[in-house]
Amino acid sequence: MTITAEIAGLVAGLRTDVARLHAELPRWGLVVWTAGNVSARVPGHDLLVIKPSGVGYDELTPEAMVVTDLGGNLVDGDRSPSSDTAAHAYVYAHLPGVGGVVHTHSTYATAWAARGEPIPCVLTMMGDEFGGEIPIGPFALIGDDSIGRGIVETLRRHRSPAVLMQNHGPFTVGRTAKDAVKAAVMCEEVARTVHIARQLGEPLPIAPADIDALYDRYQNVYGQTGVDDDE
Amino acid sequence: MTITAEIAGLVAGLRTDVARLHAELPRWGLVVWTAGNVSARVPGHDLLVIKPSGVGYDELTPEAMVVTDLGGNLVDGDRSPSSDTAAHAYVYAHLPGVGGVVHTHSTYATAWAARGEPIPCVLTMMGDEFGGEIPIGPFALIGDDSIGRGIVETLRRHRSPAVLMQNHGPFTVGRTAKDAVKAAVMCEEVARTVHIARQLGEPLPIAPADIDALYDRYQNVYGQTGVDDDE
Amino acid sequence: MTITAEIAGLVAGLRTDVARLHAELPRWGLVVWTAGNVSARVPGHDLLVIKPSGVGYDELTPEAMVVTDLGGNLVDGDRSPSSDTAAHAYVYAHLPGVGGVVHTHSTYATAWAARGEPIPCVLTMMGDEFGGEIPIGPFALIGDDSIGRGIVETLRRHRSPAVLMQNHGPFTVGRTAKDAVKAAVMCEEVARTVHIARQLGEPLPIAPADIDALYDRYQNVYGQTGVDDDE
Amino acid sequence: MTITAEIAGLVAGLRTDVARLHAELPRWGLVVWTAGNVSARVPGHDLLVIKPSGVGYDELTPEAMVVTDLGGNLVDGDRSPSSDTAAHAYVYAHLPGVGGVVHTHSTYATAWAARGEPIPCVLTMMGDEFGGEIPIGPFALIGDDSIGRGIVETLRRHRSPAVLMQNHGPFTVGRTAKDAVKAAVMCEEVARTVHIARQLGEPLPIAPADIDALYDRYQNVYGQTGVDDDE
């Protein structure tokens, strides 16, 4: 496959974004060593930009990023794509509104995943960001499309942009790669806070209507003004 | 509303203070992403300086800060004020001694808030800083004055400069914005320490008369010498 | 009191040491805001060098350090000494082998202190450094010599260079200020590790004879070669 | 013993590697103060390169590293070798495939070691890296070859490159020193994640056949392509 000049232009910006966003993962304590990866869809094309396999966070330059098609085949770049590329590609192929995907093994989210237990929505910031619980996806082995399929089927049944794959860890999605990184950061933060709340008793529930009110205001008011980050 | 030269002068210094104090929130681990905000009252005027909505901590320059009146309406600045401005403004309107307000979702304080459980005063540093328990405020949705009212009504009944809003997170106040940031840092630290103490048994109580002695010495001795920070 | 040229020379080096050692406290996560202080005895004189009250860790220059006598009275320096100076001074006055004292409210050590529960010696590194449990000192209010007396009486009954003052926090001592800082760092580390071990069951005990063997080798072998730090 | 020019050349590169790899230990939160050490085998010779005793992480230059034989005797360098050298040397003498050894007291791994409890394989990343549980080695005192022997006998019975020595802490091995450091980082991460999962219930087991599949793919696929780090 040959990359056209139009695609090359789109990819150049996304390589920079994706390389830079990887630095947010260790910054917020979501990854150790080289675990974790961020990808972005190339808008209007069946392509994605992702971290290569086996590269440390200190070496993540825009040039090191690779481009694959939605079958996970390398289209542009010098290294093999991340071994999680098939899962990212499956999500882009089946969820057209998704422009970014993040995968980590962040500690508290992975702990909920190890028990196969969804994170209940007991914080107003969870209502804002996730609109309800953060669900569990099925146990799935790497090697075919079962991880990707598990992510997509679980996300379709929830408002949450995060899914905790059983015994494995969180995958998050967003309109952009930055949105997906924000969801990964918030997913770990609520996983930690609700865990700590539960250690000494039962958190108080939030009424479903209040969760709806939080979610609607947060997604719509902010959406209308084009603001992605907020408090 | 037009800003007079006098106000412009006051605001310039406060923009610098408020911008700089926001850096203390990630420094002490109180916030992730862009959650959390600091404000300062403009002395002698019904105005406050606060973080704009949707700006990351890396971009928080003095110029980015915004000025609003105590109804939360933008008076000076290029961006929308933080979505928590109404709560800050309500506090300034109803607690005349308060010169600074801080809101975070710091992890351990928010965990107590999720259970709706006040933090008992079982540490001498809690006696010093809070003069007793850190209380819980009511569950309240954003959008009207119910958060502000819940903060004010709870703080009026306690010596503590911190209140944990149920299922939401801590708000702290101080004579200055720096004092309110210190209260936010200490609130999270005692929330964490008492949580950890409780995980393996019951902390020993401190007699009310001893709490009074700690609080009186700390507030009065330090107050007389004009020292705000200490050990 | 006038400082002689000989004392001025000793003090100059200690001001540098004590200022520099304060940076180790936030580095290893032992303090928040300005809590925590380090002091050093002026060898051969009834004097000590300590952090002033109300100075942030970013401003801790050698010149900012103050000198007091063993009654806690200011002898040299521009600021008031730390409000914990009386406790440090009492230790120097009653334990002649001590050349450095550190006080923090480090989280896990303070959590054990809140329950009034000594830390059992269940780690080989505890045998090395502490030669047994880390004991609890009495509840004591600031303002007279009761904190200092509680520290000294407790340390005299144990090999440990650390004592956890009830509901308050750890004090550590050493031959030098650096040794006392090392003891503060190790005290928090073993407080955290034993806490975590206890959360999921009972740690296995170490036989008293083995604790003696660990302590003797560590203190004597290293002592003979003049090595203070080691693994 | 005289070092030949060939050995001097090998040692020069390893000193740089070993010095640099020590910086990974505090970076990933595995050590406090000067605890923890990394060594590398000198390929084709009965020699190893290791951290000297009593040197802080800020002073770990290539020149400061020392060379010993597999009896732990100093062959080249100005300082005494780490007091853990005998354990490292025993591993190289008895496990010919090992090119690097790391020892830390990392918090969560040491907490499992204090209870004498192996870490069960309930995370896919544990299947990848450890191929099963992380086992416990015997209680052993420093001073003879009992620590080294306990490490070797335990590792021979497991696929795991990490062993938790009872009441003491983890030792990890690898084909290279970098591999052993990676194993130390991953050991602490899975120790922490499984601990947190267990705090609120029982993690779901992974079927042994699935653990085999994870381990085989990770070790073989990556091994064939020469990639050491990955996600």
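Here the chain labels run A, B, C and D in written order, and each chain numbers its own residues starting at 1.
Heads up, the rule we're going with is that a residue touches a chain if its C-beta (ideal position, glycine included) is under 8 Å from a C-beta of that chain, and two chains touch if they have at least 3 such contacts.
The structure presented is a predicted model; accordingly, all values stated were derived computationally and were not measured.
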| item | value |
| --- | --- |
| Required steps from chain A to chain C (each step between touching chains, minimum) | 2 |
| Identity of the chain that, by mean CA position, is farthest from chain D | B |
| Copies chain D and chain A - interface residue numbers shared by over half, same or different | different |
| Inter-centroid spacing, chain D versus chain C (mean Cα positions, whole Å) | 32 |
| Junction residues of chain C - those touching two or more other chains | 199 |
| Touch list for chain D against partner chain C, complex | 32-37, 51, 53-56, 80, 82-84, 103, 105, 107-108, 110-112, 114-117, 139, 141-143, 166-169, 195, 198-199 |
| Residues of chain D that touch chain A when the two form their complex | 28, 122-125, 182, 185-186, 189, 192-194, 196-197, 199-204, 206, 210, 213-214, 217, 221-222, 225, 227-231 |
